[in-house]
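Each structure below is given as structure tokens.
Shared between the two complexes below is chain A, which pairs with chain B and chain C, respectively.
What follows is the complex of A and B.
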């Protein structure tokens, strides 16, 4: 079930969050690659989301985009590629 | 019209109930559905089909009803498409049949089928193409569509209830009840939703023994136990959508007046126990009133004591038909024959079933094996069934058995319910002849017949197991106890059989999808024309669309498509259905978000003043802003022109509180802003402000605004009104990611500061008068783009000298509580308010971007900001500005426009063409307004660079509003190009 566990607020439902983007390929060099070369893996997507209707933290969400299952949620700034 | 003697059924209560159907009064009984009451009154013709207008009657006893859809209520406030089978009657209810004109008995459009033959697959795509679809649209629209949309909505407001639970169970048949009991015993908080008005599901008409009791007693006992365990049981409530784990359940089909509740349920685990939907077998004229699902006849008899007819032929491909026949016979239906498609010596034929069959034969029922019903005879009602052996002599013509009812059963397809709408994989189950859920997840399990089990013992065990596992997943630690033991009808042992043999022309009368009039011939056409995939076939033939979403037709349709393609059903699959699971009113979706409550409105501190002083407020994003003031003129044009003229001649005040204001603070604030803006913030001196532009990471302009430096480490960045919330997220994003670990903070202070724009040649005098002596000296020393912080009336006040009108102007930033006193004082000092329209005129005269120039596709180079780019600040998005495509001659360029004759009007949105290529737009008008100062229409436009030259002549083509205006390219700064007025 799609609930996202915000590190500050605990598990909250999807509608409180806003998707921003899928992260670029690890090690992408240059603005073009970082902007346009995104990972498109149907089994694992690493994405930036914001808890807009909550604490407004930016989150790094590891998720299966085919099933919607969320594997892990971290604060975005902690583990930038 | 009387319904005859009192009937007895599990759903009925004593007492008559009257209702109107197509203008005639009928009497039903308390507890009746529209379907059962009309059946009992002998009404068989309940609607006409959408395409061919063929007479249609009741087909089912559930949500899968494709034919008998009714419109409930009185015009204009009607609810269309409510299945008669699900509509529980209330006294005085007014019902109408659908898809008939002028009357149900005589329908003009039905002559179409008599005169012109049938519309085949893709009929609309192929036929109404000359001279254009619009020629035919009015007539086709009159005839087409399911039911009539309400012209007004006078339904009582919807109640929305939010439920939180551990386990949500959809369906309260044997599996659902077993699951609910297991979960509740384990200690889980349970919500159980049942579409029907009563629990029990098939146990209501197919009695078995469970835990040593009759099925009915077990259901009652289980419900009592659930009540003591605190489970919430919602009847007449269907789970219609699954929105990422938030299930929306809807009480009452169609959201009937007075009983309309919507539940938003957030469970930790879910059990789908919605049962299975009986499939028909397709034969010629299988759409005639009197052809029904076998299970429907049993339901109407057991629940409502209503007979579906007098004499019936039963047609099936499984063992269950014999037990059903015996019950129907006992209930008073004359069963003429049972037509079984399976051979008499089919392996696995049960001895119990053999005995049943022999007893039926002794009761005078003809039992035929390896036979099929190949056609129904009769027009508005079945008069006979045509029966033929599946092989050998007589297979073509068959023989006739007169009857008024043909009860058909081709097996059961698990109701994957709301789970179907998601991405759940499906797996073909050969024993079931249909699809089951491909996998069970921890939080969503299918159970019982929804999971492909049709033996009561297995159904109970499966339901119990699913409930126990769901409870455990949700964290309940108690024991679910032992699963209920039970026994009922024999397993069906079906042999898949989708349609009876037919010759070519007869295939045009073999109806697969009754609601959409899709026949076997249509599938053949679709295949012949290259529509191979089931989803393409669905869209081309309309198989499985509409309110019913193919519940009774997709599996049969898939099987017949497989037959025509020479493939297996497993390979062909079925099309997906769409949410909601059954039709709901728009009002149910909207909830209380109607009228003024559609969205939140942000109000400035001056909102009430505007509203009480003729300010015409309109939404801008979430904000409400005054467009113009009635005192300035009766219509927006006159008022805006008067207000703009007054600002240039004298002065005026405007509410600028909607501008976004972000406070950026910390030792790294300046460097952070340098990263986010095209020009450097770090070079702004304290007490100064600067016009700045943000880029997106791809190089396009995101927003513009002023950046004020309050202190060495503190800034205010203003954003445009519509972009405030987005810019906040943008700043927060880069602060949290690229700038993580740096010492900078972002705080939204938009609502902490009201803003009043004071503009015009006399504005300074008025302002000096209002602010008084302490400010007079400071005001005169304030240079263009300077600001001063101080106090006014004991509260913080910031005076920023900046102008977006081209006039001498300041912005007053004050605490919200001071806004009205300050505003009223300025009015006493002789200034009058101006609105958004005048603001735009003033901006346009000066060539300032209005709003549609920042459309997310324009770069700073397109907008004439080369000098900012040349300064070389390596900000976000700067690198991608160097992409060659941003420098091509076809890129747009911001220019000013004026009518060639100095008088004509041209409007934003008009396409611009050159004389050389009059059919090829080279740009378009982004903003335009009449300038009272210059006495003519002015515009801004984005024009391809290679078409731009000073004084170039273009044509502004506006076919929608019917004008072609010659226009000339001019400088974007139309008024006071050297900006003397605002700088002195």
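What follows is the complex of A and C.
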């Protein structure tokens, strides 16, 4: 994993991006779960990233944290971290 | 019927003499290749520092005879062999500095306790302030330590120059050194020796260390765990201890519990050996490059580490640009090492909690224990963690020393947020 394809800027170097947070468990209820608990799936991680050194868009990155393969990158839109 | 393999020899001057007379074959393997039994009193998952130390104390202090340590790869393959070997107890929060001070005291006598030289080297840990606001923060931390009876010295440039002349504290730099906090008893310990020493000592007390045996699931019945599924078959266990560092999150998934943990990579690197240059452990945050810590190994290599790679990963492959940050930070402090080549680079998987402090608690079931969340500071905690956690597992009651590390603190708002950064893995 050395590059992320930003929907606006195209494939850019990893260091232009900043990881923010893994999405909470689907169906996570309450402030505690949403704030602290994290999905730990070695095959798929869905995360909020920001293209801080580029267009500054908030992104949802779907990756495999065991291999570094990026499956998809989309705009975060209304999905809350 | 298999014959029990002979235990490792006790190390002493007399043993050296005996070995000299007896010739080759006198020394035996450090831990013996015992067979996996179908049932145990305690199964410890993970033969890293914390798992081995817990098993050692269960056998030595609590007389629990049937203990197994199951390891997916090899003894010491994980973080216990991937860290920068630094030990210290210079924490701000009372819960943390009392715990790590207990650990540091145990480091001081560990070689004797294990009958194995772990090469504890109290060469001093120096935290540098490179900005005006970093210095009062160090003073505050040092004062908190001194109130707890832990050694800490705030150094101005004159005192720092006396202690570490190699830093040239008064030299003109872009980010001049303002001052430093010194803990003289802090230093380094040979990390592999810690894994080997604990494995040897545990094995000598009857602990079965089973390598190449991955735990794939937990079998449960009537609200209690009954054993673990492994790649070598089912093992019955009265109590199960998970000490799996970066894979604790997946242990939670295995048990159907989401944990306040993200797995991040931290990388470290070592240079080619050079003549003695750095006499202590130097830690600092440089305004341009983030955190760097640097010390010199007994072999002469400069051991360097920095901050996290910055996103969840199980790959153990460090990001190049983070390596650059660390090296730039090191060269900024010691311009003369600019021509030294990096020899090796590696990364470990860190179980980063949402407040930067560990989790030592039961997990979902009464007889399942998790020793985790050590972030990137687990190595220095090994002796205290092993002793305290073994007491917890053996008696069912957490000793005062680790009571603050309960899992429920996140829900009740009793976080131990050392850097004060909120519900995220520690970022520097």
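The definition used in the following text is that the second predicted complex is superposed on the first by the 76 of 81 C-alpha atoms of A that agree within 3 Å, B and C clash if a C-alpha of one lies under 4 Å from a C-alpha of the other, contacts with A are read in each partner's own complex, and residues count from 1 in each chain.
The working rule: contacts are C-beta pairs under 8 Å (C-beta built on N, C-alpha and C of every residue); 3 or more make two chains touch, one makes a residue touch a chain.
This structure is a prediction, so every number in the text was calculated from the model and none was measured.
Touch criterion met: A:56 reaches chain B, while chain C stays clear of it.
In the superposed model, A:40 lies in contact with chain C only, and not with chain B.
With both structures placed on the common chain, the touch criterion links A:22 to chain C but leaves chain B unconnected.
In the superposed pair of complexes, A:3 makes contact with chain B only, with no contact to chain C. Judged by the touch definition given at the top, the superposed model places A:48 against chain B, while chain C stays out of reach. Once chain A of one complex is fitted onto chain A of the other, the partner contacts of A:74 are absent, as it touches neither chain B nor chain C. Taken together, the two complexes place residues 1-2, 13-15, 18, 32, 35, 66-68 of chain A in contact with chain B and also with chain C.
By the touch rule above, chain A contacts chain B in their complex via residues 1-3, 13-15, 18, 20, 30-32, 34-35, 48, 50, 52, 56-58, 66-68, 75-78, 80. Note for the complex: chain C touches chain A at residues 248-250, 252-253, 258-263, 310-315, 317, 319-321, 354, 410-411, 423-424.
Chain B contributes residues 244-246, 266, 268, 270, 423, 443-444, 697-698, 729, 732-733, 736-738, 740-741, 877, 879-880, 883 to its touches with chain A in the complex. Interface residues of chain A facing chain C in the complex, by the touch rule stated above, are 1-2, 13-15, 18-19, 21-22, 25, 28, 32-33, 35-42, 45, 47, 49, 65-68.
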